[in-house]
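Quick heads-up: structures coming right below.
Same chain, two partners: chain A is paired with chain B first, then with chain C.
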Partner chain A sequence: MNKSREKLWIILAGAVIGVIASALVLLGNPKNMGFCIACFIRDTAGGLKLHSAGVVQYIRPEIIGIILGSFLLSLTRKEFSPRGGSSPMTRLVLGFFVMIGCLMFLGCPFRMILRLAGGDLNALLGLVGFAAGIVCGIFYLKRGYSLKRTYRLPASEGAAMPAVAVVLLILLLAFPSLLAFSESGPGSMRAALWISLLAGLIVGGLAQYTRLCMVGGIRDAILFREFKLLFGFIAIFASALIMNLVFTAVKPDAAYFSLGFEGQPVAHMDGVWNALGMLLTGFACVLLGGCPLRQLVLAGEGNSDSALTVVGLLLGAAFAHNFGLASSAAGPTDAGKIAVIIGIVVVILIGECNIARNKKKG
Partner chain B sequence: MTTIDARGLSCPEPVILISQAMKSGEAAYEIKVDNRVSKENVTRYAEHQGYKVSVTEADGEFTLAIRK
Partner chain C sequence: MIYIATFFSHYGAMHCKKLCDTAGISARMMPVPRALSSSCGTCVRMEADREDLLPRTEEMEQIALETETGYQILFSNF
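Up next is the complex of A and B:
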């Protein structure tokens, strides 16, 4: 694919994803949360009774769809590639702390864009922290940071995460009595199952095709003056913003766009901790090589390191709600602040411990 | 000519390795990668730096010959 076609594709994909995200809110998802990989993995952890926060329990079909959309498209494009073995435990720990950072801010990098597109200015502080975290990660990349090589693995290993996604879908459809479903709060706000699943499949396919990554956009722009991924980031923001403005014009009472800091949906106003939460997320994501959305897509492509990262995200969500680390609209908790500080220290240690001593020239 | 084995490394590491190697200002480099994303990203970077890239593929691995 030539460069201008690549750019056109990622802008188109970003625009479509922005429209889908806004439409999901119109169809029932929480405001500014058409998509949020962190929130939806957290809801899924709750749906599986891995935590007991009653307001955030629902196996989100969007997550299942993203994994399967990426899996199916990678198969047809001959890009399904079972591989792993690149510091799996370190990746799980990084995934855990990505989630701790996201639940301090109340959203993954994807939702950060959607919050900005909904007029939530608290997300600007998140963006500042996110960019600072990416700069911290780049500092280690430039010093030779590496989680070492991946190796080819059997097809069954690569298919494990897509198989888990299918099992979750079967549970949701055939055995709902085994699961927890929120009756109030964000977990109770959801678009119809099939619509959510279809949205996930489309977004997973588009992200697989374009390599869309929220962290990669800012990282590559700073590191290489390469703006391809950043165009996708900006296109999601622009299209979601336009859709929110249109929906608000049609239904003014619903206020899909509301500019300001106060009263924003599923958000708090503590700027310092919004920034520090996303700093942790951006930093850890650079050391992982991609944002939570990208990890889901890579897991769908057969990457078992990314599959373990997703397990880390799930564990992080369960711990965050079982130990009171997650923020709420009332603000961050003291335990959550301590967890974010510990997370930043752990990510620095992981960076220091994985700087290659010898350059890989042969 | 500098040869880099970036097989098994995920992006952006192959691009960082080639960008660091290019600081020496040589006229030719060879880099091996084993996934399409790395192949595309290294090619894009090298072309942006004014190099020409030719790719050979064998058994799922790509060898990129990068020349001025």
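Up next is the complex of A and C:
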């Protein structure tokens, strides 16, 4: 694939993903949440009864679909590559704090774009914080930050996360009585299972093929003046915006696009903490090498480090709701603010502790 | 000849670029081309007459020769 073809594919993929995300809202997902990796992992943690917040409990088929979409396409393209061993515990901790940052803002970087496309101006503050966090991460990359090399692993290790996704799907289809399902709130708002699963499969496949990454877009633009991945970011925003405007024109009462700060769906108006939450997310994601969507895709490709990062995200979500760290429409909690500050300190420490130094001989 | 080296970390690419600069090899860091890998890290694009002139480091994952049709893998440490 040459460079201009690669760029075209990324833009096309971004446009398709934006359309799918908006369509999922029309079909039942919460507004501005056609996709949100953080929210959907949080809902999945709730569905598995890892936390008891009744309004956010549902094993989201989109998450299962993304992992399996990436897995199936990487197998087809002979890119399934079981690997791992690159500071797995550090990655789990980073994943944990990525989730803490996301649940302060109420969305992952993917949802941040979708919130912007829905007219939610609070997400602008999130974007500013996210970009600042990426700059912090780049500061460490330039100083020689490294989580060390990965190693080839047995196929069974690489297939573990796709297998977990299959088990979750079986639980959802065959043993729903074992799981928790929200009866109100965002967790109760969902497109039909097969539609969500299909949407996840398509997005997972497209993201595997194009390497779409919300963090990578800004990182590469700053580091290399390379804007390919950023175009994917922009294409998602543009297509979701167009779809939201069309849906709003067709169904004005539903207001899929509503410009402003107030009354935005599943959002709060505390700008400082919106920005700080996404700063933590952007910072930790650069040290991980990718956004939550990218971690799911890499886990599907057989990367067990990314699989552990996803486990970190899941743990973070469970902690956030069990200990009152997650924000709500009413705003952030004091415990959540403390957790974000602790998260930023921990990420700085991880950065400092992993600066590689050249071995000097003689 | 144009060679692309991929690495296990961004630091590995930085280190290789420094070694190239010291050895007088024209090199620049850039994102890994999609055709070469599904990973999205940093690679180093080097111009040299022969492969044996290129630096080798522990952090290096692979070296590929850029051809008219794509890439030919010359070395893999994975």
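By definition in this document, the second predicted complex is superposed on the first by the 358 of 362 C-alpha atoms of A that agree within 3 Å, B and C clash if a C-alpha of one lies under 4 Å from a C-alpha of the other, contacts with A are read in each partner's own complex, and residues count from 1 in each chain.
Criterion: a contact is a pair of C-beta atoms (placed from the backbone, for glycine too) under 8 Å apart; a residue touches a chain by one contact, two chains touch by 3 or more.
This one's a predicted model, so the numbers in the text were calculated from it and none came from an experiment.
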As a test of reading the superposition: which chain, chain B or chain C, is in touch with more residues of chain A? C
Considering only the touch criterion stated at the top, classify A:74 as touching first (chain B), second (chain C), both, or neither. second
Quick check on the superposed pair: does A:149 touch chain B, chain C, both, or neither? Answer first, second, both or neither. both
Those residues of chain A which chain B touches in one complex and chain C touches in the other: 1, 3, 79, 81, 83, 86, 141-142, 146, 148-150, 211, 216, 220, 223-224, 226, 228, 289
Touching residues of chain A toward chain C in the complex: what are they? 1-3, 6, 74, 77, 79, 81, 83, 86, 141-142, 144-150, 152, 208, 210-211, 213, 216, 220, 223-224, 226, 228-229, 289-290, 294, 301, 356, 358
Hey, which residues of chain A end up touching chain B in the complex? 1, 3, 79, 81, 83, 86, 141-142, 146, 148-151, 211, 216, 219-220, 223-226, 228, 289, 359-362
Sort out for me which residues of chain C touch chain A in the complex. 8-12, 14-15, 29-31, 33-35, 38-42, 58-59, 61, 78
Residues of chain B defined as touching chain A within the complex: 2-13, 15-17, 19-21, 35-37, 40-41, 44-45, 48, 60
